[in-house]
Amino acid sequence: MSFLDDFRARWRAYRHPGHYERFDYAWTMTIDLDRCTGCEACVTACQAENNIPIVGEEALAKGREMQWIRIERYWEGEYPDVKLRFIPMLCQHCDAAPCETVCPVTATYHNQDGLNAQIYNRCIGTRSCSVYCPYEVRYFNYNVHHWDKPLDEQLNPDVTVREKGVMEKCTFCIQRIRQAKDHAKDDGRRRVRDGEMQPACVQSCPAEALVFGDRQDPQSRVAKMMADPRAYRVLEELNTSPSVVYLKKVGADAG
Amino acid sequence: MAIDAIGLFRGPEAALEAAGRLRAEGFAALELISPIPLEGVEHRLGTKQSVIKRFTFFGALFGGLLGFALAAGTAVLYPHPVGGRPIIPIPPYLVIAYEMTILGGILATVVGFLISARLPVIRERAYVSEASVDRFVVTVACAEAGEAQRATAILRAAGAEIVEAALGRAGPA
Amino acid sequence: MGTIDRRDFLKLVGAGGVGAAAGFVLAEAIKHPVEHLIPYPVPPEEFSPGVAAWYNTVCSMCPAGCGISVRTLEGRAKKIEGNPSHPVNQGRLCALGQAGLQVLYNPDRLTGPLMRTGARGAGPFVQTTWDDGIAELAGRLNELRADGRSDRVSFLTAGVRGHLAALLELLMAELPGARLLQYDFDHPHTLLAANERFFGAGSLPYYDLENARYVLSFGADYLGGWLSPVHHALGFGRSRQGRSGARGRFVQVEPRMSLSGAAADEWIPARPGTEGFLALGIARQLVAEGGYEGADRDAWAAALDGHTADAVAAQTGVPAATIRRLAGDFAGTRPSLALGGGATGGHTNGVDALVAVNALNYLAGNVGRPGGVLFNPPPAFGPRARAAHASYRDMLALAEDARRGRIEILVVSDTNPVFTLPAAAGFAEALAAIPYIVSLSSFMDETTGLADRVLPSHTYLESWGDDSPEPGVGFTVGAIAQPVVAPLYDTRSKGDILLGIARALGAGEDFPWANMEDYLKAGWREVYGRAPIPAEAGGFEAFWISVLRAGVWGENGRRESGSPAVEARVIDAVGVAPPEFAGSSDEFPFVLHPYLSHALRDGRGANLPWMQELPDPMTSVWYGSWVELNPATAERLGLREGDVVDVESAHGKIGVPVYVFPAIMPDVVAMPIGQGHAGYGRYASRRGANPIQLLAPLTEPVTGGLASSATRVRLVPTGRRVSLVKQGGESRQLGRGIVRTTGAAAVTGPGARLASIPIKVEST
Amino acid sequence: MPDSHDEIRYADVNDDVIRSLVETGPKYYITLAVAVGVTLLCYAFPWFYQLYYGIGAAGMNHPAVWGTYLANFIFWIGLSHSGTLLSCVLHLTNSAWRKAMYRSAEAMTLFSLMVAGSMVAVHLGRPWFAHWVFPYPNQAGLWPNFRSPLLFDVMAVTTYLTGSSIFIYMGSIPDFAAARDRTTGWRHYMYRLFSLGWRGTDTEWHRLGRAYTFLAVLIIPLAVSVHSIVSWDFALSIVPAMHLTIFAPYFVVGAIYSGTAGIVTVMFLLRKYMRFEKYITKLHFDNLGKLLLVLSLLWTYINVLELFTGWYGGESTELEALKYKLFGYYAPLYWEMILFCAVAPLLCISRRFRTSFVPMLFLSIAINIGMYTERFLIIATSLSRKYLPDAWNLYVPSLVELSILVGTVGLFCTLFLIFVKIFPSVSIYEVKETLPAPEEGSTQWQSTR
């Protein structure tokens, strides 16, 4: 293979949209809004798993929450015919993520699992990713956070405690994914089995509204859920192609 | 060492006059030192060709290529898939190339200027400090005293005030 | 002994972990510093924070009794997750349950036995020893018992089940005449009474949401805080999606939209206290037009006569057409299920109303069938007689006796009546009259603050115990609670404290057990007797270990009992008295609707930072409390969100900011319970206000339970403004299609049947 | 030529300008002291506090994560835009009225660029890692992401800084030489160093002319690109009311606009405090006034266009954002901006206004206040009205932010005050060019020998 062919081949590869090689997994979460009760078990589960700090009332008053997953509430109609709609909002791990392109130091990028990864110790805190994120799911450490002793005994050693001036967000519990992959390797399996691993929020959801898996596997539960006619993505029109798929709530007229 | 004949003029015209005559007399090493850039120096002292534009052009060219290479090279060495874009997306890297083009052009121009204007000075040259105020000075570098006398004569004839002490005097102090 | 081994093991792991950490740090320190910007989520191969160990135990953050698995690393509890093999929560867990870690590691925990030095309530506490503390208590008990005055002893505890309850009973037996009171603010007195009256069943039945296709709930916030929220949520989810073709429909009747109301397909506001009439109206429709064919049809017709749709519409404010429609759907969409509880049971006619709801289930034939009301078998273990929960009336009696000086020793455990009883009860003053108060709580809450001695008990994650959840899941279930970490402080498990007291009372021979674990094992030998394992297969020890591993024991399979016949006198007695309210409607125009805070429940969660920072699911408010107003009402009073108003009842007033809440009746104001602690640690104290303090001492006549929804209030603007600390911004979608809905067409999705225990249903 | 020049002779130019370098009165020292004090108190101290506490010292929140720091950045970059650009354009069109003022205009460019650069560090969450944005060989295993508009910024601003500093330096080499010949002591040696041994021979003049022209040609597109790129920090996002194609020209025009206003301010002060009445004249203010008028009309046009296209597009999020800008929480600021930047400059229609100094000073200051507001609004209004209504949040600057805003002015003044004592702030030789050549025979100078 002459140098020129080689170069041409590489060039073609590097010019290929997305990535020059296929991702190992395409982790996806589906959220069935018809099941979601807005109970927020997912919020606490995430806070416990990912060492999300207790920011305190003053910070919250300034609007500096840190919880990686939140429940958004939208009222419809007026009394007495009024409805409250819940929608869990977390990092959508977009395949065409606006936040990734803007980071000047590549502190956020797509990793081999197709996740939108945040490299805390590379982040210099320009906060532009948060500006570019249409889902408002990136949270910034405006100051140092403390855990009153002995609350720090609970901190999860698999997850970093973030420093001030660093952007952070949902990772789809990447530490669990990593462990699952290790186990798969130990068992001599090439891939992680469907349902073998769940992020904290999915695991805790009492109404089983959240499902997690690899959409590359057509047999996986998420693949089936995505085939549901109710499936849609939030802010689809922005073409960020999120990895979080919502299932429409069935309206009150339905029986 | 070289002996210089130096004449001071109160106005540009006289100075140019004298310079022209000296050139006609065959004095090659002429210099016209003035507080302001003078028009019409060329056709009195011959047209000048500067290499600066080549510096500028190639500098800019090199800068542009370097810019694109820098961006693309980085992406290839650290292939981080970002925002679903290719590893080497053309449009953003053109911006980088554009900026580097200009940077290269600017730096090369400066180098070109310094070289072609023979700055910064490495050896002392004939100079009269009044030239930075309102005097127009003609200096002639002569091989030996005889020539210097002739040049001086011509200058004096042109109405110049001769700087005797300037013969062989140190350059900018 | 297993435990000793494991505790040592934990210690070892801990030590090893520390050593390893130190070594790692050292190695890092001497290494030439090279900065590699590898994202921490993918640490270098050689780096491993240790091996996780999982322990199954029982959650005691609320009475539901879910099974939990606790992830521990190096002897520290890291995360609480649902126990997948426990039939109640099936691997799921609510926010409060997960926050149990912050009970264990709470910075405000009591670290050892205390003794009051100064004046009661104010006086500083000093550390004492356990022997001293228990000896003194036992000494005083002995004195009283010696001169036959042990009836002047009272044990006041939060609701307990299983062997701990049995142990309490045994101890009571040692003190003839002594009183044992279990008090929880949110205990469903009226529901139990209604079931007792209607079905003759003393225990709570199992509500089979999962298989129901139409659920009509009267005030029961089954997804929020009612009985067993996680299990209900499981049922809700599976009823909604995942069943081929069928999608459960949910209708909620309540004056203020709760979490369940938001999840329901239809939310129907009915005048507070008239939900019972609505139930009767629907029942009449069932009998009159729904074609109820039971043998006792005439009796029903007679009993329900007069509750015509129009009459009921006039009483409840719900349109007659709606009533007819509901009746039609309820009869037409089988299996259907009617739930009643919460505020509906919190009125002076609570029992009547809930009986009417039961009648609905009966008339629609939902009793004893899947997707309806199934009866739970009696718990497999625990006290012989069900220890009655103390109603408000009982607590008043206790207070009265205390004032009269008839109580000399009060032992309080885990319950906080000073906070959860209305100011009108004057409980705090009553306590002042009791010469000797001992608290077994793990935290310095309002009640414990008034104690003379504090003998702090372990948190549930450090102690042995067991539980048979109520309401169960329709079949016998038991679970063992085991310590998942070594005790943090110089505290003791309740069982061990009780045993210690018993021994100190000289009742050693009746209490032969070395410690709670010992007693527990003894008790479980009986359970083991039901299905013994052959000795060669390991016998009891094998059984014990397997139960510990699984974290749960029980049968698997519900019984269709079919519907029991209802006695004629019950049918005749069906009827709802008009609700009474404290305060005249012209002086106090609004009915106060206090509801259990989602995260803090009756206030027990207020000292957990995670719960404080969990936005309220309906209003998204963090920390603090508020009063909810209908937009029209707010406009009429010229109030906006954040305006501080004094909520005044005949028994007190509290200042709270207004929250304009779109889904509440115009003449009702709602307040969350849980904030307004005076003590109870740094996260809870001096935050928000406690609406319980406002409640009038009005009781439900049958049960004597507090009619907590029957107080009228008025709002007095103070002119002050605060900005509510909340998460939500604009609360409308502005047509951006963020939350999308679809019509009936798409109900049959694949859904998500997740890993859950298959529960078989057999007929008898 | 303006009549005021007639009696000036070459020597006077040297005398006046060099006097401004060597003779320093108490007024100067007081001003300098004040400037330095403001810099330390309002800029350095709050910044150190913020470094210690974290960006939380500012008023930003979620999702309004950008605030005044970025507004300052854009503002100062904008201010830098007229100096060099204008000077280049005027040089190429070789208009004489430029010659007296371009030096200080370029200086303004230089220093506002420096201030803008420092704002980046203040804005960052972890400024101690700011160097990671530069592609320097390191062992960290990562290089910057050249796809990022922020990195475009880095490249553009550094290039622009290099370019304009070289431009101003080249332009002043002959004046350094002049200063060298008329000063003594440390100044003499300094200028000797700076002047690179310039003599002013015909060759040197010629080369300088060529190089200077090339630089001018290169810097004009550079300057235009710089602010386009700054605008892309916003326009390349998908935030409603930021994601606009018109942003690049909008920013460029705005930049030149505020820059020109800045020049007017500086000219006024120089004229007053450096006693340059002879050189900076009504003529300059007249021309600058005309320029301001044109620019203000252009700016207004683009503003209207922004609203119009947004309205015409009818996209709901866009409409919401625009509505919010005009009538929302920040509306008063918006109308203040319109008043200062679109209405007030219309005064420049009258020649009497253009040629009266003090009113022009006030106008120029008003314009720059308005322009700062514009930058602030672009950030504040858009970020507080993004896609998910439930996440909407207000942003109000904190005291730290406001004081740092004031501090930047102090920093700029400090740098400028130092400049005027080192650089001949009026170009000696170019002013001479505008004078009639000294007539033959007259003796004008006393021999320095």
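Here the chain labels run A, B, C and D in written order, and each chain numbers its own residues starting at 1.
Note that in this section contacts are C-beta pairs under 8 Å (C-beta built on N, C-alpha and C of every residue); 3 or more make two chains touch, one makes a residue touch a chain.
As the structure is a prediction and not an experimental result, all values here were calculated from the model.
Asker: Any chance you could name the chains that touch chain C and chain D both?
Answerer: Under the touch definition, chain C and chain D have A as mutual neighbours.
Asker: When you take the mean of every protein CA atom shown, which chain's own CA mean is nearest to it?
Answerer: A
Asker: What whole-Å value do you get for the distance between chain B and chain C if each is reduced to the mean of its CA atoms?
Answerer: 90
Asker: From the C-alpha centre of chain A to that of chain B, how far is it in Å?
Answerer: So the centroids are 62 Å from each other.
Asker: Taking each chain's centre as its mean C-alpha position, how far apart are chain A and chain D in Å?
Answerer: Here chain A and chain D have centroids separated by 43 Å.
Asker: How far is the middle of chain B from the middle of chain D, if each middle is the mean of its Cα atoms, in Å?
Answerer: Here chain B and chain D have centroids separated by 30 Å.
Asker: Two-or-more-chain contact residues of chain C, please, as numbers and ranges.
Answerer: 37-38, 727-728, 731-733, 738
Asker: Out of chain B, which residues touch more than one other chain, so two or more?
Answerer: 75, 78, 80, 82-83, 85
Asker: For chain A, what residues touch not just one other chain but two or more?
Answerer: 65, 72-74, 98, 101, 103, 106, 122, 235
Asker: Touching pairs of chains, which are they?
Answerer: A-B, A-C, A-D, B-D, C-D
Asker: Considering the complex alone, what residue numbers of chain C touch chain D?
Answerer: Chain C reaches chain D through residues 34-38, 727-736, 738.
Asker: Which chain D residues qualify as touching chain B in the complex?
Answerer: My answer: residues 9-11, 14, 135, 141-148, 151-152, 155-156, 158-159, 162-163, 166, 170, 174, 177-178, 180-182, 192, 195-211, 214-215, 218-219, 221-222, 225, 229, 429-430, 432-433, 437-445, 447-449.
Asker: Taking the complex as given, what residues does chain A use to touch chain D?
Answerer: The touching residues are 59, 62-65, 72-74, 89, 98, 101-106, 122-128, 130-132, 134-136, 139-144, 163-167, 235, 238.
Asker: Could you list, by residue number, the parts of chain A that touch chain B in their complex?
Answerer: It comes out as residues 10-11, 13-20, 94-101, 103, 106, 109-110, 241.
Asker: Which residues of chain C touch chain A in their complex?
Answerer: Against chain A, the touching part of chain C is residues 37-42, 49-50, 73, 76-82, 89, 91-96, 98-99, 101-102, 105-107, 223-224, 229-230, 233-234, 236-238, 240-242, 247, 249, 257, 259-260, 262-263, 265-269, 333, 488, 598-599, 609-615, 617-618, 620, 622-624, 630-632, 662-664, 666, 682, 723, 725, 727-728, 731-733, 738-747, 749-752, 754-755.
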